[in-house]
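Can you read through this structure? Questions will come right after.
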Amino acid sequence: MSTMDTITMLIPLKAEYVSIARLTVSGIASRMGFDIDTIEDIKVALSEILGKFIEKKSGTGRVNVDFQCLEDGISIKFKISDQSIPELFDNDTDKFALAIISSLMDEIEIEKQGDNSITMVKKLGKAV
Amino acid sequence: MSTMDTITMLIPLKAEYVSIARLTVSGIASRMGFDIDTIEDIKVALSEILGKFIEKKSGTGRVNVDFQCLEDGISIKFKISDQSIPELFDNDTDKFALAIISSLMDEIEIEKQGDNSITMVKKLGKAV
Amino acid sequence: MFELNTESNDGKNVVISVKGEIDIYSAPDFKESLYQSINDVQQNIILDFSDLSYIDSMGLGILVGALKRVREKDRNITIKNPKSTVRKLFRITGLDKAFIIEEV
Amino acid sequence: MFELNTESNDGKNVVISVKGEIDIYSAPDFKESLYQSINDVQQNIILDFSDLSYIDSMGLGILVGALKRVREKDRNITIKNPKSTVRKLFRITGLDKAFIIEEV
């Protein structure tokens, strides 16, 4: 698997598709050599972000997810075409989701200018 | 899962990514209610097409795969952006691949005019 | 998807097993089933998570809601045998302080 | 990925077990390992497919290549215990007529 290859997925913003994205990322992460625990962490973090997108924007189009294979890890970028990123973690009940993502991933960046995206990164060899 | 939802995947034309596409389609087909044997058939047919694309066009960009959820089945469409579909089944050793795809799927259509695509369809409730 | 079963019910405790996956898709069903099982009984609740392979923040939120209800009647909820991946989420969210967690 | 092991080797037959998945990614390795195992011995070949979960047209092509080599020396290849999904591909491609298939 060479560096900088990107697999992209476009997923309808509906709850029933989140488990499919989870399955896909587990395949990618396992091929990249992540261990089982870390794969689980990545699946959870991915689901949390997709879950929040769906809660705030349910039914409105698709979310674009880029899985980029880096030399030392994976970078996962979420975008909604022609739409701004909603406030994903604005209310009380979102605190668990944000705590989970921040703990499990090495980096999370919410980009509200420019291309309106959320990117999270997990490095190889770093289970929580 | 409502009708006509489409999940799209963009996959580098490299052998190491075929198993990831297989995993994704098994998730989609299982969510749609296909039985285990039919899911296996769909995975095999998908792999054969991706395999032929990779043999003929290895390393040159990505293949776009649309998984469209129909009311009575799944339609899977393959396109290469800005490129024509290669002759996928032109030589002797491709005959197995074509036999397998034709037997396992209900429909296969190779569209060389227009949008240059291959589409295969599997109906619900029809294991081979 | 998930499965919820009342395994045993003595004078003091009700054991409810939760199996499968709880995510944004199955959460609404999980909430309804769990709250119903809890309303039906008077005892302390033991949730057997031995066969729960996945839970997300929404599932955890539902557990918090359940705990509130149960506590109003001076009862509590024990989480029994969570897998390490599920256990980790209780730790990260601090919920391991709210629930009794019993590892056997 | 796949695994190839020589399980037993008596005067008449060599049993080679093939486990895992053979697809476009693992096919080159499979071809090399299989042809090597075949060249190393003089007996008939029994390929135990009990734990082979996946094979594609490329894998089948490699088997055909192996069969040609083996037949040149008046030997043959038996496919033992293929799973139903793998068995189906032999039927579809007509290869169930070329190979001896032994289901136990």
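Note that the chains take the letters A, B, C and D in the order they are written out, and that residue 1 is the start of every chain.
Throughout what follows, contacts are C-beta pairs under 8 Å (C-beta built on N, C-alpha and C of every residue); 3 or more make two chains touch, one makes a residue touch a chain.
On a predicted model such as this, the values are computed, not experimentally measured, just so you know.
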- Item | Most extensive contact between chains (C-beta pair count) | A-B
- Query: So how far apart, in whole Å, are subunit A and subunit C when each is placed at the average of its C-alpha atoms?
  - Reply: 26
- Distance between chain centroids, defined by C-alpha means - subunit C, subunit D (Å): 49
- Message: What's the distance between the Cα centroids of subunit A and subunit D, rounded to whole Å?
- Response: 41
- Note on the structure: Per the C-alpha centroid definition, the whole-Å distance linking subunit A and subunit B comes out as 25
- Task: For subunit C, jot down the residues that touch at least 2 other chains.
- Result: none
- So which bits of subunit A are touching at least two other chains? 16, 19
- Which pairs of chains touch one another in this structure? A-B, A-C, B-D
- Can you name the residues of subunit D that touch subunit B in the complex? 21, 23-25, 54, 56-58, 60-61, 84-85, 88-89, 92-94
- Query: Of all residues in subunit B, which touch subunit D in the complex?
  - Reply: 15-16, 18-19, 22, 37, 40, 43-44, 47-48, 50-51, 54-55, 93-94, 96-97, 99-100, 103-104, 128
- Please name which positions on subunit B make contact with subunit A in the complex. 1-2, 5-12, 14, 16-17, 19-20, 23-24, 26-28, 31, 62
